[in-house]
Amino acid sequence: MKKGRLEAFSDGVIAIIITIMVLEFKVPEHGSNLETLIPLAPFFLSYVVSFIYVGLYWNNHHHMFYIVDSISGGVLWANLFFLFWLSLMPFATEWMAYNHFAAGPVAVYGLVLMMCGLAYTLLANILASHCGKNSELAQALGRDWKGKASVVTYVIAIAVAFWMPVIS
Amino acid sequence: MKKGRLEAFSDGVIAIIITIMVLEFKVPEHGSNLETLIPLAPFFLSYVVSFIYVGLYWNNHHHMFYIVDSISGGVLWANLFFLFWLSLMPFATEWMAYNHFAAGPVAVYGLVLMMCGLAYTLLANILASHCGKNSELAQALGRDWKGKASVVTYVIAIAVAFWMPVIS
Amino acid sequence: MKKGRLEAFSDGVIAIIITIMVLEFKVPEHGSNLETLIPLAPFFLSYVVSFIYVGLYWNNHHHMFYIVDSISGGVLWANLFFLFWLSLMPFATEWMAYNHFAAGPVAVYGLVLMMCGLAYTLLANILASHCGKNSELAQALGRDWKGKASVVTYVIAIAVAFWMPVIS
Amino acid sequence: MKKGRLEAFSDGVIAIIITIMVLEFKVPEHGSNLETLIPLAPFFLSYVVSFIYVGLYWNNHHHMFYIVDSISGGVLWANLFFLFWLSLMPFATEWMAYNHFAAGPVAVYGLVLMMCGLAYTLLANILASHCGKNSELAQALGRDWKGKASVVTYVIAIAVAFWMPVIS
């Protein structure tokens, strides 16, 4: 199966995810001086972080599918599973910003990031097993410690967030 | 007529449909502990179900147009008719979740699914008749009991929903 | 200049326009029986009409660019001018539905449709003059009475809407 | 690296940015005569301006990538950086319109435009250095005074907006 439409559909979904996060910036209802923008600071900060994360995934997705020639039905589903978790980013981002980075929402944000990381790793492995052991992708994955390391990091981060006594 | 732009336009519309459903998750206005997410459970559950349905249709759409070489004007319109019903998924999903799977909204959800199924079957048949009796698609459709069976299932499910005495 | 990206960008914009109109359907806040959907009837009706119109323009756009080989800078801008007017469709549709097809909103809806028609005609003529008098497109345009007729129809419809004494 | 997916992703993001700005037009809640549209005039005006700006960037983006053959990892990130600033256009546009072009919001709008201009210039230079000194793009950039001039203009405009005594 050719990869063209999977790439086009993923591009569309990721483009929408990265763009609708900007709808979180609600225009301040009163006042037009610059101080009225201060309450938007956590939204801006979390938007920047999420934009980088989603951009990073798009970059990786782009590189990964660039070096394969064909896909399978399983890859289509693994890709949808990955896009599902990525689609929860706007909600997690907004909830975290709305609560000024309180522990609970940060933990949920970390959970969504972790699931994105797991789903992406799953997608990479299904794609690699479709391409065969000697494929460029399979060999690149064998050397990939970044993916595994980042999942571990997320787990620790979520645990830390829950340990923090801030949770009311 | 070539199929490239029909595929690109359909990818765009389906990508938007599958992504704007996530806008249903309204950030809880009060509290940042995890219990405030509990009221979102029906939204999450129905989002998962609808994501799978729309993903399934995208997969099928992808496979179907993959094995044809050209399209006709009638196929363009049948495709728009299918996309119209699919575009009602976000509303039906949200209404169902908002009312905690009450009978009326579930029946409407089932109706939308049924119309998607009928419109997709219509699209498949118009495409098959354009390609000719001996085409790969026409032969695949002849063996396809799943499509017909799922429409029947929807009809029964809607009927059951109406029979349930829950409707106030 | 090649036409690929103009087609891809137009597909994206038109896909978004046709899909965000569905956000007009606000989930009824009280009650889950089917009667609560009755106030949505004008929204559904106007959504159907606008979906057909936008779908029609996408079809025409698809056919027109299908028969040309190259584009110019002027075509890019004429295309953006057309997309601008098309992007006003969701607002005009919602305002018309919100006011139950009162004369003023219907006139505005007609005005938007007319401007889409004019902008599309302009786009077609700029594209035809880029391709040359003997091109397939230029000859097709010469035979095209539909486009001119529909613009005239819109003008009459708007005039009628204003003459109607319903305007409060 | 091929440029196809970068173009497709950018087309998607820019198409969404240019289209969600239309969601700023909130349907007037009371009355259906045409006077109720008057309060929307600043939104319409700023929408037109932003539509032209975003359309201009899409045109330039299209032309620039048209004359290059390949891209690099740095170009992907510079492109994301450009898209980030462009994605702030809908917020800046709406805030400016909401406050009837008060000095503060106009300055923020100018700031966003300036950052878009800077990010685009950065993208162009990274792309040109990837393509080499003798490439068509590098030579076109050498002659480009428009880009530098427009950044200077934005700086002056922002300064002027702050000097204006209108800021309350």
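We just call them A, B, C and D in the order they show up, numbering each chain from 1.
We adopt the following convention: contacts are C-beta pairs under 8 Å (C-beta built on N, C-alpha and C of every residue); 3 or more make two chains touch, one makes a residue touch a chain.
This is a predicted model, so every value here is computed, not measured.
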item	value
Equivalent interface positions on chain C and chain D, same or different at half	different
Most remote chain, CA-based centroid, reference being chain B	D
C-alpha-based rotation, chain B on chain C, 0 to 180 degrees, nearest 5	90
Mean-CA-position distance for chain B and chain A (Å)	25
Sites on chain C at which at least two other chains make contact	8, 12, 15-16, 20
In the complex, chain C residues that touch chain B	7-8, 11-12, 14-16, 18-20, 22-23, 25, 27-28, 31-34, 37, 48, 51, 55, 58-59, 62, 66
List of chain C residues in touch with chain D within their complex	1-2, 5-6, 8-9, 12-13, 15-17, 20, 73, 76-77, 80, 83-84, 87-88, 90-91, 94-95, 98-99, 102-105, 107-108, 167-168
